[in-house]
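Structure provided below as structure tokens; questions to follow.
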Amino acid sequence: MISAKPFDFPYDGNLIPAATALIVIDLQEDFLSPTGYFARGGYDPSPLRAILPTVNRLIAACRAAGIRVIHTRQGYRGDLADMTPYEKWRRTRAGLAGTTVLLRSSPGFQIVPEIDVAADDIIVDKTCNSAFTYTDFEHVLRAQGITHLLFSGCTTDVCVHTTLREACDRNFQCLTISDACASGDQLAHEAALHMVTVENGIFGALSDSRSVIDGLARLKARQAR
Amino acid sequence: MISAKPFDFPYDGNLIPAATALIVIDLQEDFLSPTGYFARGGYDPSPLRAILPTVNRLIAACRAAGIRVIHTRQGYRGDLADMTPYEKWRRTRAGLAGTTVLLRSSPGFQIVPEIDVAADDIIVDKTCNSAFTYTDFEHVLRAQGITHLLFSGCTTDVCVHTTLREACDRNFQCLTISDACASGDQLAHEAALHMVTVENGIFGALSDSRSVIDGLARLKARQAR
Amino acid sequence: MISAKPFDFPYDGNLIPAATALIVIDLQEDFLSPTGYFARGGYDPSPLRAILPTVNRLIAACRAAGIRVIHTRQGYRGDLADMTPYEKWRRTRAGLAGTTVLLRSSPGFQIVPEIDVAADDIIVDKTCNSAFTYTDFEHVLRAQGITHLLFSGCTTDVCVHTTLREACDRNFQCLTISDACASGDQLAHEAALHMVTVENGIFGALSDSRSVIDGLARLKARQAR
Amino acid sequence: MISAKPFDFPYDGNLIPAATALIVIDLQEDFLSPTGYFARGGYDPSPLRAILPTVNRLIAACRAAGIRVIHTRQGYRGDLADMTPYEKWRRTRAGLAGTTVLLRSSPGFQIVPEIDVAADDIIVDKTCNSAFTYTDFEHVLRAQGITHLLFSGCTTDVCVHTTLREACDRNFQCLTISDACASGDQLAHEAALHMVTVENGIFGALSDSRSVIDGLARLKARQAR
């Protein structure tokens, strides 16, 4: 059981590692590097970089507890087949026409080397903000018997929240880890965390990395007994 | 063309009434009445009631322009077949066990009588926060050739935003009308509007009812010429 | 365990009534009556009527075993919002323009009275041939914890098979009950049953009503011990 | 306009190359080679090989007409994250445990070299029989403005038909090209073609490669005038 608000996670106290995954959203070069999509758009990527040690501590704790780690990566197909005329217009407007920013064929698409990606982690590539839309994310979760999701990554207000909202609508049990998420827009980040808890947890529960790590340690201790 | 930020809507200046719909999210008794789900949950429904005249003005302007109006209603099936054990637990925790709050079989499910619902408006019922998930909403939009969506209703941070995010991921052109949306949580409302515009319009464009009505009037004048 | 080919159902021998549903596809007046959509299209509905007693026996056996019954009904919305120009053209071509055939607002949409529909059966309405597409069918199945599906109804080659194929792709365990399915086209019916078993059960397993009823009786006897 | 039954394609006579795609389903080594999944399963792959020249002629005619070519490939992720316990059991039962058959990481996943794949063709990878389920296929089609689909590939009864059925449910205009599809099971192949035409074209229209090539030539001639 993980201490959280407005209620502990999971709600029924039944945390099963094999049915749980740590979701690490979009910790890619394009979002975190000083020359990537975000930095070019005028956003300071340092809040995103600041969570990397926390995310790694969570990854280590989850692995030790037998919880699967799933990374997502955002980017258009290298052939641009999934890019609409509107998105092309937005790219041009943002000064990105002709660049490889946010393309899967580009080095910027890679997860930053600071993040501990293991050989048996699962990686899901997506074009949309939601990891569920037009991908095999739900397929993988159902195939693995995963029903409980712990959310981390960037940005809190865009891709984390869109994926979280879809996960709730599809009845996954969701916990957002406040200090393992970040955004280039601090107001949006804080508001996104607040929104999780409205209507007594409309988007599940909200916790922090310490509570998650403590909860997993207690779980392990109990299993060892 | 409708004045909006961070760019006017639609981006290419090509506003086609038959390809556009006004989406009116969840203006139901359960959310707006003093005895409904929201009021029981400690939220003041008066900000939700305050937008009703604005939404009606938009409905009238859209009808005059030849833009279809689509209302959504949120609620569980009368037979509860779509309610998970978790949602049952949440209902009990909120003191709603045994009530008909948010059930499609209940009077609270109805759209408030103040809203001008016409015989040829389309109504989409949903269980999820997103109108796209497990419904025929996308089917109806595609069948009607609708590609552009104007968003109004409640709550800005939950059902409007979840539907808006899914609409963007599915490549609909989206405009959120700030004063035609409301929430019981003012911070969440304002932050949700702000979020539309991050990353140069990650969730489309943001406008207000005056700009929409003016834009539709100009469109009508141009068509009359 | 139910005797089936190319392997018994379910494959792991673990038949859990609460996780199983009998799916009864589209046994509606429009398909079965002598004045409905099918009869007007030149198809003889008598093979469809012939399975009704078998389907009722299965419904009774499933209820006795604690297996949920889910009926589907096919039809366009009464407001025609989900009908494309192409479908309108097809209706006109079939001489159905101006009729209420296959509309949810029409008496022909109802399940035939011969079928034993109980108050706690679940009914899913659909426009598509697949019960999964643009409906809450998957939502209901997941909310109820249903993972195993027994297929019956009409027509074997169109709506049963399309729903079956989607169910397999979504990793539900599927059993088609040969004599509880029917079509107005006997060749298509037989070929559809054959197709279930190609590639060693590409669409799950194939059995008949006697084997299902016997298997459920054995299950009940074992539970009683 | 392409001659077809039960009606010519498209139904309204309006064939727009930029809105049309030739879908080439699963012409991969694993299905066509004498040591692949199919051959190991006891199926003769020669009917699949026999269509390759026809598919290439269609590819050439479509390219000349400005119609996009989209290939699909079926296979599990190299990390097996999308393989259920049931699918693992089926693999073992088919003597495929420990092999790389039908894995994306395997040479057998590749499209056979006989098929003319151009640099600007689109390739969609899938785990399911339907190219729509848990993939970006619909995303790509919508992003490209593609509404009309010409179907070829293998197998007629399994992956072609499942994708075709889903395409119809999603209101794409569909034409199946009889002699450009094949199956290892001749009865299933012929029945699958027949099923397209039941109920006056429940799954769209059925034609052959000559009619498609002739129709595209006429279209080109008309455009040149």
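Here the chain labels run A, B, C and D in written order, and each chain numbers its own residues starting at 1.
Convention: a residue touches a chain if its C-beta (ideal position, glycine included) is under 8 Å from a C-beta of that chain, and two chains touch if they have at least 3 such contacts.
Keep in mind that this is a model prediction, so the values were computed, not measured.
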item: Set of chains whose contacts include both chain C and chain A; value: B, D
item: Angle (degrees, nearest 5) of the CA superposition of chain A onto chain D; value: 180
item: Fraction-based call for chain C against chain B, same above half, different below; value: same
item: CA centroid of chain B to CA centroid of chain C, Å; value: 35
item: CA centroid of chain C to CA centroid of chain D, Å; value: 27
item: Multi-partner residues of chain C (at least 2 other chains); value: 84, 128, 133-134, 139, 142-143, 170-171
item: In the complex, chain A residues that touch chain B; value: 7, 11-12, 41, 43, 84-86, 89-90, 93-94, 128-130, 133-134, 157-158, 161-162, 165-166, 168-171, 173, 185, 187-188, 191-192, 194-195, 198-202
item: Chain D contact footprint on chain A (complex, rising order); value: 77, 79, 81-84, 120, 122, 127-128, 133-136, 138-140, 142-144
item: Chain C residues within the chain A interface of the complex; value: 139, 142-143, 170-171
